[in-house]
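Listed below are the structures to be examined.
Shared between the two complexes below is chain A, which has chain B as its partner in the first and chain C in the second.
This part shows the complex of A and B:
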């Protein structure tokens, strides 16, 4: 292909990627090193507010932002270096916690407890998603041709449901005296509160994520199974390979590129775990890195946000994903070079 | 109730409210407001005047600053409270209403006006606070006197728990985040605490703060163990379903707990004043009302003002007397309003109207759960919250 033709074909998508991916990323990076604040003045203000029994008037010094000529709040931006990052990861607290050798103290720092959950969540759900997906794919592949269509449709349902809605519906099954909690209580004859301690909430989140994402792994594996070379399988049968040996030595090696593909996608998705925290109202017990970013971005009661810390936390999340992806990506890269 | 009946009742409620509105509106007006019965009533009346588009949204506070910064503003008016008024007034997004009140507001009570340096920036429709709601039947069966302080409340709850007549003696809005922080704010004020030193540095890590945490932990043992996900609606339902015997709840829910259409215990719940801490009643007074955007035409602002006046007309208030603690003319405090009035007549203070409390409230919201779950002790919790407040207030430019 001529260079010019190539440029014409690629140009639009490069432009879009710069506009919608690179530019926002750079802006987040820039904001994580800067702090933008309104310029405040102290003024004496008389305020009268309604009470039930009549107005209450007070005169007090108030901190009010200055307005510029065009009526907008006057702000100034200063370079703060790594201050916002320090505010997020709280290195001094971490150092004292480590010096004391107390895991509990480390987990009481929000960033580190969020990192702990995010990593465990990502790494624990990965093999479960791959395994469940493969099992469903093998099962569907071996069902009767007649009912394959409906079975595939039903297996895909959890993936079609919007994540937050799915999480909420599972939460309602368990919250308070929800159907499943009531059922468990009746069966085990004891009082159960699924949302009263961290481990039950975490367990529900793991199960939910596997339930939700396994269908995606299933579809990918199912497609892969259609391309398995039947001659190789037949040869294995003739050689006396058992069902397990065929799976282990013929089918799984064939599906390996798909396993890596799914691993990459899952690591990226699971590291950004957020819907589960919202859906299961988990924030009192466990939080994730994305939740931390969201918390910084959320307006406080008087409308202010912590944009710089939110940016720093977002950049840290990105770095985390990049590190996690490094392992499988290096493998792919080595294979590519070898071939 | 069958779905058809619900639809019918809903339609009748709207029709009933429309019938009151003695108004005609020709200018298109858009409103945004919080979503609960009092606002449904007022926007219902406004809709009856014609050309009004209303958006009711529990999270409206997250939208209004940006929406009103646009020119023209995306909404003509918004609902407003002590707390949400701060960013709107700071950014100068509200229209002073004095001229419009002079022209159209003859029927409003002067104590409905929120005045900043002599200029009226908003008009309150009703007041809100938190007070005791208790099951009269249970307390009199067990011979328990109506508690007036938090200590008496806890003692009463322990008796109810021992008697085992309900699932849990009390319910409380202790959902992680804003609600949990709000519980602390109220109790700390009730202990006579000051959140800030003179230079706005935090001062909650003291005996009063410790006393509040101790009490909150105690309350936790008397509730459904899932209390960290329980918000006001959750507690209201617990009360309606007879699962709890007492709650310190928002006055705006006083109507619902005795509403025969929703509640299995209607008529049995009685309202009393908010409970006292060591110093004063540990409740805060809130006002809720309307404000008009600055960035709209005079014509639209005038139409909005007329609608606000129509929504608070005497006959509207009379027809919906028990749905809120109305501040407008026509309100007759009934049994549902007793708790709120007793709270206000006591020494409860308004929720603070400044920027620092916003930052403090957030720091409390993300810092308290670790104490309630037992991950942190009280002193560490308070020290960490103070540190979180300082770093937050510094980033927001409030502290040097």
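This part shows the complex of A and C:
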């Protein structure tokens, strides 16, 4: 294919990606070093209140936003260096917290607690998702031909459901005296409130995520199992390999590329954890890095949005995903070059 | 030898099938349960006794319900309708559109059939049963409490119809644009082995990893002030991008592009290159070859990719909730808002009804396109 034809084919797509992905990235980087604020002026205001002997007047200095000619609030943009980053990661608070050796104080800083949760969430759910997916795939592969279709259909439901709705539906099962809370209370014989403390909410998020993504791992592994070389399995049987050994030394190595693929996808997606926090209304207890940015972007009481801090937090989030993906990607890269 | 050597002990079989049954239960339970809850009064919906949630005594006593004969006839009719949809409908569509390879005849046929079925189930059947029930004595008395009141409240009183229309606009736009742009790029990438193509794919993969909040922080300030900075180009007609559905469509298409071009590329690689080479030997240009030879055979891959574009746009919360105003809100952020504001139990059940309404189309989607979804999920993985 000639260069020109190629350019015409991929042109629209590249244009979209440059305009809506690459350009916003640069602009986020720029925004994180600049703050746009309304310009304020100081004015002397005299307020008089009727008192007993005539009116009592006080003068005070007030700040109010400067208006431009057409009545809009004037804003100015100033370079603030790393100030927005400092506002997000709060190094002084962190230093005192570390000096005091208090983990709880560190977790009181929103950024660090978001980082902690996002990383734990990403890394903890990974083996659970892979394991559950593999188990389902093995079980489906093992069952009657006739029920495979329906089982795959049911398995796809948690994957296909809108994430916010999925989280909400799990929440409704536990809400108040919801059916599962009642069941747990009956089983453990104690009072349970799933949404009253951080660790139970966090636990529900892990469970929800595994429920939501395991079907994807299952479908991928199941497709991989269809291509297992039967000769290799039979050779293993002749060599006297037990069922477990066949799984361990023949089937799992065959699935290894899929494990790497799923790991990469899972790291990308789990690191973006966000919808769970909306669905479980968890923001008072547990937040993630995406939520932190989202929170800065929402309008506060005065209708302002903390764009600069949001950008700083977004850049930090990006650095995080780069570090997280760097490790497995480098391995893949090296293997690709070796082969 | 394989049959006897691979035979499994009973215990292992039972364990594996037991686990499968357990998984199916876990997978389906929350969805089925909220569907059941959405038809009950709050008292029943949040009862701690599961049987009271299913049978809804409070709902039955206060609002109404279904009798045995209602349930039996309803199930029978539903069964017949589904059976006809599978056995009779495809033949009928093929009859009217003999070269019906594209989706439109199917869409029209399926849509008409779905509407007719809905009318039968919701209008004709209840009318017939209203006559039948009193005549049948014990078979005709209500045993299952059921109310559609929450759905009416959500769809009619709370204007969920508007949110639904917005969702449809956004998803349709995203699917159309993203497939048009992505198909061209996917084909170009599949047929080129240049270094640029390789790096484009790598960069797309990097973009795939970006959290969406990063991108939204880039858009938001520009979208809000767009009337100002677009003024030199468009004059007074400069639009404010914030809150506009078509701006969201552009954003979601771009966010989805990396995934789309990877997936379509892998589908196009499966179409033998000899096919377009033959067309080029016969005197077609690259575009002619694409249009005459590739377009007719690309639909399975395009439909699969379209499904995933649809899911992304339909399920999105972050982008739509930050960049759309209340007027143009799609369904998912709308329900989250509804739900955060309200506290009474009745509102809660209305939110459940809204959630079920959002999930129902997805359910149908899996039902119809199960094979395409599975092939899409494995497309990227198996080929590496």
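What to note about this one:
Note that the second predicted complex is superposed on the first by the 288 of 339 C-alpha atoms of A that agree within 3 Å, B and C clash if a C-alpha of one lies under 4 Å from a C-alpha of the other, contacts with A are read in each partner's own complex, and residues count from 1 in each chain.
The definition used in the following text is that contacts are C-beta pairs under 8 Å (C-beta built on N, C-alpha and C of every residue); 3 or more make two chains touch, one makes a residue touch a chain.
Remember, it's a predicted structure, so these values are computed and weren't measured experimentally.
Contacts of A:300 after superposition on the shared chain: chain B is touched, whereas chain C is not. Which of chain B and chain C touches more residues of chain A: that partner is C. Residue contacts after overlaying the shared chain place A:175 against chain B and chain C alike. In the overlay built on the shared chain, the residue A:278 is in contact with chain C alone; chain B does not reach it.
In the superposition on chain A, no contact is made by A:200 with either chain B or chain C.
The intersection of chain A residues touching chain B with those touching chain C, taken from the two complexes, comprises 175-176, 281, 298. For chain A in complex with chain C, the residues that touch the partner chain are 1-3, 5-6, 8-10, 12-14, 16-17, 19-21, 23-25, 27-28, 31, 36, 135-136, 138-140, 142-143, 149, 151-158, 160-166, 168-170, 172-173, 175-179, 181-182, 211, 215-216, 219-220, 223-224, 227, 230, 233-234, 237, 243, 257-258, 261-262, 268, 271-272, 274-275, 278-279, 281, 289-290, 293-294, 296-298, 305, 307, 310-311, 314-315, 317-318, 321, 325.
Residue ranges on chain C touching chain A, taken from their complex, read 1-2, 5-6, 8, 12-13, 16-17, 19-20, 23-24, 26-28, 30-31, 33-34, 37, 46-50, 53, 180-182, 184-185, 187-189, 191-192, 194, 196-197, 200, 203-204, 207-222, 250-251, 253-255, 257-258, 261, 286-287, 311, 314-315, 317-318, 322, 332, 335-336, 339-340, 348, 351-352, 355, 358-359, 362-363, 365-367, 370, 373-374, 377-378, 380-382, 384. Within the complex formed with chain A, the residues of chain B that make contact are 61-62, 65, 69, 82-84, 86-88, 90-92, 110-118, 124, 127, 129, 175-178, 180, 200, 224-226, 228-229, 234, 285, 287, 289, 325, 327, 340-341, 344-345, 350, 353-359, 361-362, 366, 369-370, 372-373, 375-376, 380, 384, 391-392, 395-398.
Of all residues in chain A, those touching chain B in their complex are 35, 37-40, 45-57, 62-65, 67, 71-73, 84, 87, 104, 107-108, 110, 175-176, 193-198, 281, 283-285, 295, 298-304, 306, 308-309.
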